[in-house]
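Look for subunit A in each of the two complexes below; its partner is subunit B in the first and subunit C in the second.
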Partner chain A sequence: MSAPKKKTIQIEAFRHRVVADPKYAEKTWNILEHAIHEIYNHNASGLSFEELYRNAYNMVLHKFGEKLYSGLVATMTFHLKEICSSIEAAQGGLFLEELNRKWADHNKALQMIRDILMYMDRTFIPSAHKTPVHELGLNLWRDVVIHSSKIQTRLLDTLLELIQGERSGEVINRGLMRNITKMLMDLGSSVYQDDFEKQFLESSADFYRLESQEFIESCDCGEYLKKAERRLNEEIERVSHYLDAKSEAKITNVVEKELIESHMQRLVHMENSGLVNMIVGDKYEDLGRMYSLFRRVASGLVLIRDVMTSYIRETGKQLVTDLERLKDPVDFVQRLLDIKDKYDKIIGSAFSNDKTFQNALNSSFEYFINLNSRSPEYISLFVDDKLRKGLKGVSEEDVEIILDKVMMLFRYLQEKDVFEKYYKQHLAKRLLSGKTVSDDAERSLIVKLKTECGYQFTSKLEGMFTDMKTSEDTMQGFYANVGADLGDGPTLSVQVLTTGSWPTQPINTCNLPTEILSICEKFRNYYLGTHTGRRLTWQTNMGTADLKATFGKGQKHELNVSTYQMCVLMLFNNTDRLTYREIEQAAEIPASDLKRCLQSLACVKGKNVLRKEPMSKDIADSDAFFFNDKFTSKFFKVKIGTVVAQRESEPENQETRQRVEEDRKPQIEAAIVRIMKARRVLDHNNIVTEVTKQLQSRFLPNPVVIKKRIESLIEREFLERDKGDRKLYRYLA
Partner chain B sequence: MEVHHTDVRILMLAWKMKAEKQGYFTLEEWRRGLKALRADTVSKLKKALPELEKEVRRPTNFLDLYSYSFRYCLTEEKQKSIDIESICQLLDLVLGSQFRAQVDYLIEYLKIQSDYKVINMDQWLGFYRFCNEISFPDFSGYDPELAWPLILDNFVEWMRAKQT
Partner chain C sequence: MRKEDTVKLISAEGFEFVIDKEAAMVSQTIRNMLTSPGSFAETEHGEVTFPEISTVILEKICQYFYWSLQYARGKETEFPIEPELTLELMMAANYLHT
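Moving on, here comes the complex of A and B:
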């Protein structure tokens, strides 16, 4: 069985009887024309939509689309001309209102007309390539009304006047403005631009140019920036309220250019209120404002950054060359930290942590810290002070914070090897005098240094700590084993230092008192008994002693003194008077050390356990010293020993410098050999670059010194010059 | 032969003979040299000298002579450097005719500077290169950042300071 055939039912279109009336088109058009008139005259309510639609439809159907269309154009044009006149006639403030009202009317009319003529819109217009009704209505409005000679300029002028008025503080009808600008946009963005925006931007530029000139003459930097910011915000707000969104970028450009860019230099450098003044006064708000405004302008931030950088470098340079300040290293370093904190805060709160500013700050610090060759020493002294007493009672977190700050300064140093030298010296003194506030803090800093510089930097330092610990154990062993034999003698505490780990000290002569000698010998025997193949040397310039002394009226004190001081004082057990010569002979301590020692015992108020004749500060060979019976002190324990780390004197500093230079030579040579071994052949410039790179974590090598080392290596036949190209060096296996 | 023993031609002769020790010619060396010069009488030797001078002046030969002259002055075994005084004389002898001005100023500098008390072969060779390659006394093209021996860097600096 096949599927039943579907029967399609055709419904024929109901055909009106074709009227062959030649006047048909004319009649129909008149009806429509009349309707359009009524619409424009606000009389649309009396019209029948259906009838009009049908008429229009018929016209198009009977091929009278052209007539309909041209009729539409003419009629609309006619009405628009009338509208034009009425708008032109409006006075003053009513002009815009009239324009707005008529525009609204026109749109409403246009809507109705289009609905009526929809069939033509859909059929005749596309095929005849005519402009659709709605668009036509807009174009006609544009051409007849907006571009009419009387209206065009007046419209623009009115709009600009109102905007200007608002800028001067007047209140304007923003809703009306919005409608008008929206109208222009509806007519096409080129209409908006050509008939309004272009001029708007130009006149705004002129306005702000003048205003900025006024401001800059009368305001200081902070005030100016406030005003500029206000104007900028105003314009942005204006756009959001009654201009097209695309105008925002353009008008802000204008403001930025006229208010900011043109006067950038002058603002930043303004005396007594410019950037430097703001920095000095920590004016975060002003600085923040400057940052956010200048950021909008090309090279605005660069300007701020450059001025800030040169100011930091200037102040830094002043600080590191200020001889008065440099007399107190701890204060000096504290000042450095304060400066860093200040700028960190500025960059954080006002410059939104801008990385380029952070970098500028870092490079400035690196620049001026290294201007003073003693910075490494001072930083070490600062650390010494903190670890000795500064960190007493400080919480663990705060300790970490301070140590991290120290590390930050350390990173800026170019001559890290110099720092290492001093740090070692100061650490040695701290450890040996037992004067460190917190072992944990010491260790924490070593760990930080190790993380920064690698194992080699800190291995010796760690060795020092190990020695201290080992010595403790050794002493326990000593007393356990030998304690019984010691009887009533002095108590001994020995630190055994491994030579390589501790700062090198010249070995001086010193005659220890007999009371001490015997126990020292006992220790030496004990130690060498348990450790073969080692050599022990007493470091008499580094030790301390506690002496119990009884003075004239029977007052007892415990004196904490250095080994040298002990030797000298013990001499007075047998006699009350000794001349310098006699002391020198008996103690055999080198002259300069001995003189310093005697000065600390006889010439310092509150610590003068000895009396000197004559009373002068200098020690002459013929001076006589007496045990000071009349010595008093409110403390039972009196500390006279001087093992505190101090800022080096000039000659000492020179010496250390020389030792550092000597130490650097083999490091440079080792680097050269390493590089040449790997590369075999290399030219001079590249060697210098590579060596500098390899050593940069320790110090910055001088190219002249590098050259000298190369020549020395050539002489010792590690390298040779290439026979052909004299710029090249060859590695000699 | 009417040639003074400090005359450069003696040096050239020694070079030709590849003599080992200054002031002495071994019989072997003597024979070798005369054979090379094709001279078997004194007069022939005398006549051969100008020819020898010309031969020496050729750049490749000259460089060879120049290095030879340094080694020639090393009297001790394992000696690697020559004292300033002798270097000055040697400079005058070997380079004086070709680079009069450079040599005179260089000698003046060597005498007053105190960085170096002796000169080694590497520096000695540097002097010749310097005279050859660097225009005098403007030193245009001289770059201390390059591989010139340090002593020449210092010389140029000293000269420039004098010129201002």
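Moving on, here comes the complex of A and C:
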């Protein structure tokens, strides 16, 4: 009794009553043995627990524990053998049921026996190092019943047969299966594994190996995956219903290996239904299924990713090198965006936004966009198109979305400085012709570029915006000051452009009409009067003019033309016929520009305010031009030869490249000097890596060019070669 | 008190103690007697005879059962044991696995 006691008491040695009767043990055991028999025969109701317990208790106390224990083993074994033969006798389907019933009986009996022999369990067994009663009962069941030669294989075969039956659609008694497998588990995990699980896995592997062969021969990829997924779920469900939870990983492993891993390559590359087909057909469900199944096996996702990547690269490469497509830059970029959208959607909805897939997509885009050296130009043209007209009437959010997409393409570009160059040109045209749809969108894009590439990248672009604003103020000031003196003459609007901020073009002067010249002169005086020390040059090639013209039948039109075209048209104020030579002499417009502007005045249907002789598409030096009296148009305002940005012609493209190369030189030099200033001494390879790293956000410098820049810096004594090691450079402060 | 919630403990001399099952089950042995899956006589009749435990000791044991329940609930009082009972009590305790 575990009561707290305060009183000190003396304990003398206690002697149990000595048992005189030599047959005591035999008698007591007989009572217990009888009880055990009764228990197994479901006859326990008459037994007195107390009596049995007391007898077992006394036997242990009187050192007959050993006899009790061995007696128990013998009696139990005897009963189990009986049970065993009754199970063996069970026919066909009853076998499992009989086994299950007997197992339940045995368990109950075992519980009762353990209860009445509890004292032995408590005292004798630990000190004698025997197996506790319950465990003993299980072990005996295992050895006598389960491992009996007639039951062991039969049990296994029955179980596998039932599972096989369920796989082929039969309904089986899952509760019974559950009980039997639970029995195996209760007998110890090793019994479950050795007597059932191992063979179960093997037979499953065989089954699925065969089935997968059959499937792959008869199904297309999507269908196969559907079946594989169903099988996998079935197995998982089976485990949850009547197998050990630990088996789930093992059996799914088997299914994965047989159904997926061994056929992975074939599935992905399956003709007419493989991965590429799914991508082409936007089969999100199939793709998602493939992803979730392949994710289960090692290198499954790598395979999908690799195939997808190479497909993107291949199709991307086709797209960017398809000469037909390249004719329309806007369409070209739109296609890039569509492809990107498509894959974003696939990755989002089927590949659970897997980061590695996104990275693969990005690197593929980066790869093929840069295959075409005109990508930067086209992207800028796309933006130009959008900002000119594409974004009209589009909500602010949508504008943002489009701009963000463009920025995403921009990020893939290696030659960001080329983009900048084109962007500057296109922006200049937009600003000067006043064609931009939304100032906010323009600025928003600039901000995006700034966050992406830093202040340096956009400072000039921002300068252009500032110039526009200042010019507006200047014009207001001009008209406020001298507006009264101007009378009826033409209205002038001047944009003063800071040199350096704007794309420089060779200045092509032309002879402006006298009316214009006088007001230009007035403006020059006004401007230089307020800003001393500046120089103004007229960029006649960038301007526009609105002309009012009256045609043969008195119909009036307002013509929106370029400065050059205005100069030409003004010549016709005095005469109706001029030859090409005469125009060229009078206007002094560079030949190529003049031809282009005459073409747009005389050769475009619906806008032909001039008439050309002879009629042809091209302008020849011998042509003569007439004022077209019969010109008609539905519109009051007629736009002629709008300066829409066009993709550059080959020579222009070459020229731009050249300029970009030139612009890169100082940047590379600056980077070299920055690095050397910090490091003082560095070897050639390291300089190249560092420079590449520094300039990466703008372009990928060519190592040969870097080497040339280093040589030039050495010549100019910024650097010197180390005297000992020729590969080493030193910075000269 | 309902009959199912009580149990009758009978001493060697035939004295009957009717106590709560909850209290009786302080003894692991009695607990097994009353809960064992087979229908032993004790489970069916709700009474247990102890031919080797005298009335005095069984009374003490019943007192102990109730005391033990209270002790387990946090009421820490002393449980008085007369020295002359100690030995027999301990033997009974061993038997009852208390």
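Definition applied: the second predicted complex is superposed on the first by the 713 of 733 C-alpha atoms of A that agree within 3 Å, B and C clash if a C-alpha of one lies under 4 Å from a C-alpha of the other, contacts with A are read in each partner's own complex, and residues count from 1 in each chain.
Convention: contacts are C-beta pairs under 8 Å (C-beta built on N, C-alpha and C of every residue); 3 or more make two chains touch, one makes a residue touch a chain.
None of these values were measured; they are calculated from a predicted model.
Student: After lining up the shared chain so the two structures overlap, which partner does A:111 touch, if you call subunit B first and subunit C second: first, second, both or neither?
Tutor: Once the two structures are laid over each other on A, A:111 reaches subunit C alone.
Student: Just subunit B (first), just subunit C (second), both, or neither: which does A:306 touch?
Tutor: neither
Student: Going by the touch definition up top, name the partner, subunit B or subunit C, that contacts more of subunit A.
Tutor: More residues of subunit A are touched by C.
Student: For A:439 in the superposed arrangement: first (subunit B), second (subunit C), both or neither?
Tutor: Touch partners of A:439: none, neither subunit B nor subunit C.
Student: Using the touch definition from the top, say if A:684 reaches subunit B (first), subunit C (second), both or neither.
Tutor: The answer is first: A:684 touches subunit B but not subunit C.
Student: Just checking: does A:48 make contact with subunit B only, subunit C only, both, or neither of them? Give me first, second, both or neither.
Tutor: second
Student: Could you look at A:721 and tell me whether it touches subunit B, subunit C, both or neither (first, second, both, neither)?
Tutor: Only subunit B; A:721 stays clear of subunit C.
Student: With both complexes overlaid on chain A, does A:404 touch subunit B (first), subunit C (second), both or neither?
Tutor: neither
Student: Along subunit B, where are the residues that touch subunit A in the complex?
Tutor: Interface residues on the subunit B side: 80, 120, 122-123, 125, 129, 145-147, 149-150, 153.
Student: In the complex, go through subunit A and note every residue touching subunit B.
Tutor: Subunit A reaches subunit B through residues 683-685, 688, 703-704, 707-708, 711, 714-715, 721, 726-729.
Student: Taking the complex as given, what residues does subunit C use to touch subunit A?
Tutor: 28-29, 32-33, 36-44, 48-52, 64, 67-68, 78-79, 81, 83, 86-87, 89-93, 95, 97-98
Student: Which stretch or stretches of subunit A touch subunit C in the complex?
Tutor: Residue positions touching the partner: 1-7, 9, 11, 14, 39, 44-50, 53-54, 57, 108-109, 111-112, 115-116, 118-119, 122.
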